[in-house]
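Paired with chain B in one complex and with chain C in the other, chain A is shared by the two complexes that follow.
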Partner chain A sequence: MVKNWKKLALGGVIVLVALVPLMTQRTDFLTWFTLILLYITLSQSWNIIGGYAGQINLGHVAFFGVGYLAARYLWLFGVPLPLALLAGAVAAPLLALIVGAPVFRLRGVYFIIGTLVFAEILKHIAWTAIPIASVLPAEYLTAYSLVPRYYLSLIVAILAVAVVYVISKSKLGLGMMAVREDEDAARTSGVSILKCKLSAFIISTALAGLAGGVFAYYATGAYAGSVFEPIWTFDSVLIVFVGGAGTVIGPIIGSVFFVLLQQLLAVYLPGGFHLVVFGVMFILVVLYLPGGMVELMGKRRR
Partner chain B sequence: MVELLAQSFANGIIIGALYGLAAVGLSLIFGVMKILNIAHGEFLMLGGYAAFWIFTLTNIDPFLSLPLVAIGLFLLGAGIYKLLFSGVARLQGELRMNSSLLVAFGLCLIIPQVATVLWTGDERAITPVYSGTAFEVLGIRFGYVPMAGLLVAVVVTFGLQIFLSKTYFGKSVRGTAENWKAARLMGINVDRTYLLTFALGAAIAGVSGILVGLTQVLLPMVGMSWTLKALIVLVLAGMGSIGGTLVAGIIIGVAEAVSHIFIGPYAIVVGLVIFLLILMFRPQGLFGKA
Partner chain C sequence: MILEVQNLSKAFGGLMAIKQVDFTVDEGQIAGLIGPNGAGKTTLFNLIIGLLKPDTGKITFDGKDITGLAPHRICQSGIARTFQLTRSFMHMTALQNVMVGWVYGGGEASSMKQARVESERILEFTGLGGKYLSAAAMLGLVDRKRLEVARALATKPKLLLLDEMMAGLNPTEMEDAMQLVKRVNESGVTVIVVEHVMKAVLGLSKRVIVISTGEKIAEGTPQEVVRNKQVIEAYLGEEQYSLD
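Let's turn to the complex of A and B:
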């Protein structure tokens, strides 16, 4: 019975969210919702590698950026949008396997700084190699509407959440969590460390690439370097930890909270100040509430 | 061409010493406490702005305000350690490393925003009257300020080296770095050693920040790139060699400066690629113990 209620509620939420463009024409609302959905995808993709498999990947933006570049230029070149998105979702894990593989062999803190530097290399190359912003051509701009962007973000976000849900219920997900808790103990218990890390890595980067593709469709103009800025990674990490790392619902709550706070604070405070609020919350979560907001709600219910 | 090469080489040594000094503070904290303070660059940035403030408001020469800034950052470091890191430092092994890294990461988000409010997002530099002056040797230009910066970097590094190897407190630091449990059993106050080490690392970051303000530009967002530079140098040098860290910094500086002649703006990638190669093939670094 409870399960049915949950399903019903979930269906209700999805229908309600799907109806948003019919209920409001205000571009600011639509932009917020689109951003929330984009952040859900991006943070869920980080959640797989960082939350479930416990690998603090600070170079996640590299895969978002590559997904963006592949999808953006193919789409503007005339390739149909779904194919361009797919190309982005494939390019990211490919990059991960070819160039990222050595980095991902590293363990512990060396993994963390290795990934950070890996993304930093790509950022510098992107800023230097493509110094001109990519702006949509005039015929695209006149036809620009937020509604299809909104629905694309919605579909991709639902996909990302579904993937994370399936992982969380699967044997693979259990293996990832075992790796997160104690790599040596997991190995002794017969978990294939390589398989778990590699699958987490591939699924995570593919979703990040897809998120990059969504942004490629959404952005009217963007510098290639700006989609490689570490802030994308940092936002995802913040959202996942504040929402609740290694949970399905955590990054969703985190994304809603993050984007709304960002937009509201931007009205009253100097730009970027939401990061101070979030930074303080983040430190508090790391020190005192490792389960994030999800844990907080669970505690209140009990 | 030869002249250009020599000039780039000289510039590389000067900026490299600055990379090295930035890494020395990071290396000290990492080596002793097994905490990776990725907010190190933020301390550096704060130190630079502190000197900028002192210079523009009171007109005190930045080289004279150096000890003041160092003391200020020392206190700030001690306060931040007490408030945020003292609990994390009690954890063990990988958990300590990861939790402390995340706390420092939170600081990386907060401090630049606070700095933007205090000093705006405009580029700042500390420019005393003598800042543009230079002398020439064999056709190579040496600025007085960068040379003084090089001197400061060398003095601070070797001062720290002597402090760690010759004083009683230095001994307790090295003991704690070696094995903190054994050190505690020997009667060393590990908590206090950690506190002072962290504060000392922040103070060195502050001094590097002054040099950055004198020879480069200051921006609220500049911290992360200096943390990265320091990380690269740290990994290249390996643990446990303070002097080696300075040398590694100079290697990176020269590699970047010289490669700039050949590959232009991509030179910044050179240091990063060196970093990844070292990380993969010689994880103990050039001067570290295997």
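Let's turn to the complex of A and C:
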């Protein structure tokens, strides 16, 4: 009985969310929802490598950016949008494969710093190599509607959540979590550490690249460098930890809170203040509530 | 013999941790590995399981040369190990811990559903029935030790290396643990037990190997070993050990 109730509730939520553009024309609402859904995708993609596999990849934005560039330029060049999105979702894991084997040789803090440095290098290349902002051509701008962007963001978000759900119940998920918990114990239980890390990395970056493609379709104008700014990584990391790392629902809850806070606080306080709030929440979570909001919800139930 | 260790040596910088150690273990046996602290018993286990690579020497398991293989391959070949300080996957449930062993260990591939069923069976076997869904972090020391054994058994080993399982157990718990080791052995698994608790080693083992400062100083039946002068000097002290 309980299981059916949950599935029904889930179906209900998805239907409601799908109906939003039909119920409102307000661009602010639609923008909030579109952004929430984008952040769900981006944070779930980080959840795979950071939450489940326990690898703190601070270069996540590099894969978002590469996905954006591939999708944006192909689409503006005339390639049909689905193909452009696919290209983004493939370009990112290709980069991950090239970078993955060497970077996973780094241990602990060095891995974290290494990933961050890698993304920073790509950021500098992007700012230097493509200094001119990419703005939608006039025909695209006059025809611009948030509605298809909303639905694309929704579909991709559902896909991202589905991927995380499937992983959480799969053999790969078990391996990833074992790697996160104790590498030597995992090895002596038959787990190939490198294989699990690389698999997590590829799936994570493919989704990040897809998120980049969604943003490429959404953004009316953007500097190439701006999609490589580390803030995208840190937003994802904050959302995952505050929501509940290594859970399916955590990043969803986190994304909703994050975007709402961001948009609402922007009205009353200087830009970026939402980060202070989330930063404090992050510290509180790490110190007192490692399971994030999911843990908080669980405690209330008991 | 199921395991043959030949001329095994391992140095860490200038320190010879294991020095030309030879021994064999026969299939179906429970063998004991004893020696003073720092003798190299855990290092020996790490060498057999592949977490460390030997400098010289050869390890043959079930007819296959496993020297230098990666730990996950050695596990899949049929050797499992528990750790002295339990290393359970803390943020995973007991069931998930054991399932890792089942899906990644030796033997044929199976579905997740089958893995769950089999893992529950193994948890029952090790006395953790009813605690499947507890997070490992929530389990007490004794249960975590059981969980280590359960996870190791899930990899379907032919040889199980138990590293100081009795540490921290009271006499009743120790009796239960010894019974568990016997049940494991009776199910067809060869066992090597590293122990300091003499009662456990002598009560369980058919054969005992004694290591001191990286070298093998004696090998034989428990009776022979406790009377060996070198062993008494290096390890046991002057007391006579009763074997009942």
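In this text, the second predicted complex is superposed on the first by the 300 of 302 C-alpha atoms of A that agree within 3 Å, B and C clash if a C-alpha of one lies under 4 Å from a C-alpha of the other, contacts with A are read in each partner's own complex, and residues count from 1 in each chain.
Everything below uses one rule, namely that a contact is a pair of C-beta atoms (placed from the backbone, for glycine too) under 8 Å apart; a residue touches a chain by one contact, two chains touch by 3 or more.
Because the structure is a prediction, the values reported are computed rather than measured.
**Q** After the superposition on A, what does A:260 contact: first (chain B), second (chain C), both or neither?
**A** Neither partner.
**Q** Looking at A:174, would you say it contacts chain B, chain C, both, or neither? Reply first, second, both or neither.
**A** second
**Q** Looking at A:297, would you say it contacts chain B, chain C, both, or neither? Reply first, second, both or neither.
**A** Touch status of A:297: no partner.
**Q** Touch check for A:76: first (chain B), second (chain C), both, or neither?
**A** The answer is neither, since A:76 touches no partner chain.
**Q** Is A:97 in contact with chain B, with chain C, with both, or with neither (first, second, both, neither)?
**A** Neither: A:97 stays clear of chain B and chain C.
**Q** If you stack the two complexes on chain A, which partner ends up touching A:117: first (chain B), second (chain C), both, or neither?
**A** A:117 contacts chain B only, not chain C.
**Q** Where does A:282 make contact in the superposed view: on chain B (first), on chain C (second), on both, or on neither?
**A** First partner only.
**Q** On chain A, which partner's contacts cover more residues, chain B's or chain C's?
**A** The larger set of chain A residues in touch belongs to B.
**Q** If we overlay the two complexes on their shared chain A, which of chain B and chain C does A:188 touch? Say first, second, both or neither.
**A** second
**Q** Do any residues of chain A touch both chain B and chain C, and if so, which are they?
**A** none
**Q** Which bits of chain A are touching chain B when the two form their complex?
**A** Interface residues on chain A, with respect to chain B: 56, 102-103, 105-106, 108-110, 112-114, 116-118, 120-121, 124-125, 128, 230, 234, 237-238, 241, 270, 272-273, 275-276, 278-280, 282-283, 286-287.
**Q** Which positions of chain C touch chain A when the two form their complex?
**A** So the residues of chain C in touch with chain A come to 49-51, 70-72, 75-76, 80-81, 83, 87-92, 96, 99-101, 103-106, 112, 115, 151-152, 154-155.
**Q** Inside the complex, what are the residues of chain B that reach chain A?
**A** 36, 84, 87-88, 94, 97-99, 101-103, 105-110, 113-114, 116-117, 224, 228, 231-232, 235, 265-266, 268-269, 272-273, 275-276, 279-280, 283
**Q** Quick check on the complex: what are the chain A residues that touch chain C?
**A** 169-171, 174-175, 177-178, 180-182, 184-193, 246
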